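Pasting the structures here.
The same chain A turns up in both complexes below, where it pairs with chain B and then with chain C.
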Partner chain A sequence: MTQGPRLLLVAVGVVALGLVPTLAPPFYANLLIPFFAYAIALLGFNLLFGYGGLLSFGHAMYLGLGAYAAAIVAGVLGIRHFELVLLAAAFGAVAVALPIGFLCVRYSGIFFGMLTLAFGMLAHSFLFKFYHLTGGDSGMRVPRMRILGLEFDALNKIELLAGPFYYYCLALMLLAGFALWRIVHSPFGLHLRSLRDNPQKAEYLGVHVPQLRLLAYVISAVYGAIGGAILGFRIGLADPELVHWTHSGHLVFMTVLGGFSNFLGPVVGALTLTLLQDQLQSITQYWRFVLGAMLAAIVIFFPRGLAGIAADAGRRLVRRQQPQVAA
Partner chain B sequence: MPLLEAKGVSRHFGEFRALQDVSLAVDENEFVSVVGPNGAGKTTLVNLLTGLLLPSSGQVFFKGQTIGGVGPIALAKRGMARTFQLVQIFPQLTVAETIAAAVVSQQQKQWRLFAALSADAAVFQRVRQIAGIFGLSDRLEHAARMLSQGEKKLLDVASAFALSPEVILLDEPTSGVSTSEKHALMKTLIGAAKAAGVKSVILVEHDMDLVATYSQRIIALAEGKVIADLPPGPFFADPHIIATVVGKRMSTDARHQRS
Partner chain C sequence: MSAFANVVFGGIFHAAVLFLVAAGLQLVFGVQKIVNLACGSFYALGAYFGITLVNAALKAGLPPVLLLPILIVAGLLMAVVGPPIERLLRTVYGRDESFQLLLTFALVLMFQDVLRFIWGANPRSLGNEVLTYGKLSSGDFTVPVYNLLVIAAAIAAACLIGLFLRRTSYGRLLRATAENRAMAEALGVNVRAVYAVVFSLGTLLGTLGGALVVPTSAASLDMAIEFVIEAFAVVVIGGLGSMAGALIGALLVGLIRAVSLVVYPEFEILAIYLIVIGTLLIRPSGLFGKAAS
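Showing the complex of A and B:
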């Protein structure tokens, strides 16, 4: 897809998302908060997976880290500013991802996946068992916070989430997306894609393979923690289930559903699954069955995901309009 | 001082002696071929000369500095590049991106996280220059996996040349290329080496016809030892060497071709 139509698509999407709180009941704006959280987390996740070729099965750990950072900074320490929570989540993610990434990026393929899964399980059992520190299975409370220094005390929690916090998350997603767009299209991004395709050849062209993988891992962890902090704010709780390995699987599901070979794929995946899950849950108790069948169908028939289908359709449309230009 | 020099290099793998007391030197502006039957130690020698392996004894010097075991990245930085017998590409990258990956390393820009690569004129000027030398100018936006086998080979070598190396080691560059295209490919490579400012070329090759046509000097290995280090004339005049290196049937072919 060329830049023009893609930018137009993004602009239409942003305007549509911006209109949700004014046009739809608060329920829908509230429903989309997790979408923003997952979109940010998955943009980062896909730097590692789609661009770096490393599939992490333990990335829910960083979403949990973001939520627990919110609980500690705002709840335990009483610093009720969401910006400071985001900062703490980002620094926490760097501090955790550096040593874990250092160990994991020496491996690729299934071994990288299994090692990240193992660390994710360790993190889950730590949160679950150290009751006096983490609250165990009941988690830690995340209190209401100021955003941009504003209290919004006239609004109740639902109104805050469906109003100011909604726009805040939308802006945060755009900012995170823009930063990642720059990273993907930088010299670093090119080297990352080269090592995904052929690490041996890349090394002989002077690509610092382990260092680049580690940097991509740390960036993806920071994105995950920011997403997790948003989730914590919305639910009002840092729950150990955020770190459970099934939640990591959920992240992989959304990325594959949207399409990992497309920059916007993870965003499409996050939006689709958020809306779909809500609809399916109200229709049938077997919604997980439907999601599983969908994932199988996507992997078999549309390995490039929903964004891949859309990109192909767009290309076909352009070609039909300009039959002479086709090279 | 030679550009690249091995002094009394041996390499063992457990009990197996892959190379024994090998000494050789490659000077500036030389085209040297390394030949030998399968199992003679050519691959081990290549891996030692390119700093992938440490010698068990002896030393390898590149521009006067030892390069034993420095690894691929330091090798590229010091000015040596290599290609592999099996063509190595980045399937999903375009031709321009493949060459740009090497140019980014050479211009030390790999840690620029937020810079727009597509707006970097210095990188793409060099990319177009290299692509032009290899006749890939009209393929710049093609994905590497869509190229023909011969073009993939050219791209593989072009990306190595984009590092601006002083020495390039070509490991059987014509393997998998049809007989009729081998000479065309070799001529492109040698022309490109001159145009890109490469000082010396080391060619590892099975095809005696190519070796005879392009080398200034031929080093023959057998059972881990250097058995000949001669210009092509005396080399091909010695039937004993030819028999050892290529076996009886091929040697008569080679002599037939030269007469």
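Showing the complex of A and C:
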């Protein structure tokens, strides 16, 4: 696809998202905050999965890390500034992802998946069992924080989330998306793709496979932690379920639903699943079944996800129009 | 001393059930190269259906002595879900392993709601049927005879699987397919049929494990996603695709869990994952596996 239509698409999307708090009831703005969180986390996750070809089945660990960082920095230490929480989450993610990534990136395929799954569950059992440190299954409270140094005293939590915090997250997502766009289109991004497609050849051509994979892993961890900090702020709680392997599975689900071979695929997937899950939950208590069936259908029939379907449709439209232009 | 024996027997009982499910996981991975996350769901299915069948049988006036046979029948019956699921998985055989993993994850999600739909959200359990066969005790040491029977059943299953794989011609076909699918196919092995058999057998082991565990612990919706992780730990420690590995891995995980529950409860699950990670890092092929990719 050429840059023109894609940029237009992004612009329309951003304007539409920007209008939500003014046009729709606060419920919807509130509902979209997890979308921003997941969109940021999945953009990073897809650097590893879509561009690096490494499927992590334990990435929810970093969302948990972000949420627990918020609980510790804002709750325990009482530093109620969201920017500092984000900073702590990012540093925490680097500190955790460097050693774990160092151990994991030596493997690819199913072994990478299993190792990350094991680390994820290690983190889960730590959070779950060490009650006196982590609050166990009741988790840790994440208090209300200042954003950009402003208290917004006049607003209650819902108004804060549906107003200033909403725009804050939108801006954060744009920033994270732009940064990742630059990363993907840098020589590093090219190298990463080359070693996804043919690691032997890439290595032969002088690409440092483990270092690059480690860098991708650490970046994706930082994105995950930022997403997790947003989730923590929104829910007001950091609990071990954030780290459970089924949550990691949902991250992969969203990415594949949107389309991992497309830069914006994960964002599409996060938006679709957030809205869909909300709708389904209000209709039936058996929403997991519907989601599972949908995942199965995507995997079997549309492995390139919604973005892939859209891209194909767009191409068909262009092809149909071309003869008319020529005539 | 007897307290120690209690702990060890608890661990071995857990290991016996774990072995059945992990053996199913191994079989499917060994031959089909698919990590089946849904094996925990088969386990849960077997457990729920076991309760239903036992209650129905007792109501119909069958003597409680038939508890074990009834549960085995329940496990066997529920294996019928295997073939249709294998048919579904057939659509992704040639595809990337992450897609295969995701499809089994989709099954996990669907199964959770199927179980919720049929049996409701609250945990279910049997009454005191576990003591039907009495219990052995000496001093502080007590173990229900039922637990010993399950351990025996798991050992029997291990022997049967071993005999089937080593001594029968169909077992040889399975091993040949596991070793080199293309070559087996070229030599005239009906790989499709082999896959269907293997997956059904894997399902059977899962449902059987679930049915057998149910007199001793409740069936709940979470048991699927909890147990698959433990089975996964077993196969990683033992070595992916190896039956002997599943046996040793199950014993290790069962005993470690039992011992750490007594010694240092916080460490229970943590210890298992530490061993899993250690195994993957030092010897990714596991104790008995072949060289890792």
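Criterion: the second predicted complex is superposed on the first by the 323 of 327 C-alpha atoms of A that agree within 3 Å, B and C clash if a C-alpha of one lies under 4 Å from a C-alpha of the other, contacts with A are read in each partner's own complex, and residues count from 1 in each chain.
Simple rule for what comes next: a residue touches a chain if its C-beta (ideal position, glycine included) is under 8 Å from a C-beta of that chain, and two chains touch if they have at least 3 such contacts.
All values reported here derive from a predicted model rather than from experimental measurement.
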First, second, both or neither for A:292, with chain B first and chain C second: second
Partner chain in contact with A:202 - chain B first, chain C second, else both or neither: first
Touching partner for A:8 - first (chain B), second (chain C), both, neither: neither
Which superposed partner A:95 touches (first chain B, second chain C, both, neither): neither
Chain B versus chain C as contact partner of A:109, first or second or both or neither: second
Partner chain(s) touched by A:183 [first = chain B, second = chain C, both, neither]: first
Chain B versus chain C as contact partner of A:191, first or second or both or neither: first
Which partner, chain B or chain C, touches more chain A residues: C
Interface residues of chain A shared between complexes with chain B and chain C: none
In the complex, chain C residues that touch chain A: 35, 37, 88, 91-92, 95, 97-99, 101-103, 105-114, 116-117, 225, 229, 232-233, 236, 265-270, 273-274, 276-277, 280-281, 284, 292-293
Residue ranges of chain A in contact with chain C within the complex: 49, 55, 57, 103, 107, 109-111, 113-115, 117-119, 121-122, 125-126, 128-131, 244-246, 249, 252-253, 256, 285-289, 291-293, 295-296, 299-300, 303
Touching residues on chain A, where the partner in the complex is chain B: 179, 182-183, 185-191, 193-194, 196-198, 200-208, 212
Contacting residues of chain B [partner chain A, same complex]: 71-73, 75-77, 81-82, 84, 88-93, 97-98, 100-102, 104-106, 109-118, 120, 123, 156, 159-160, 162-163
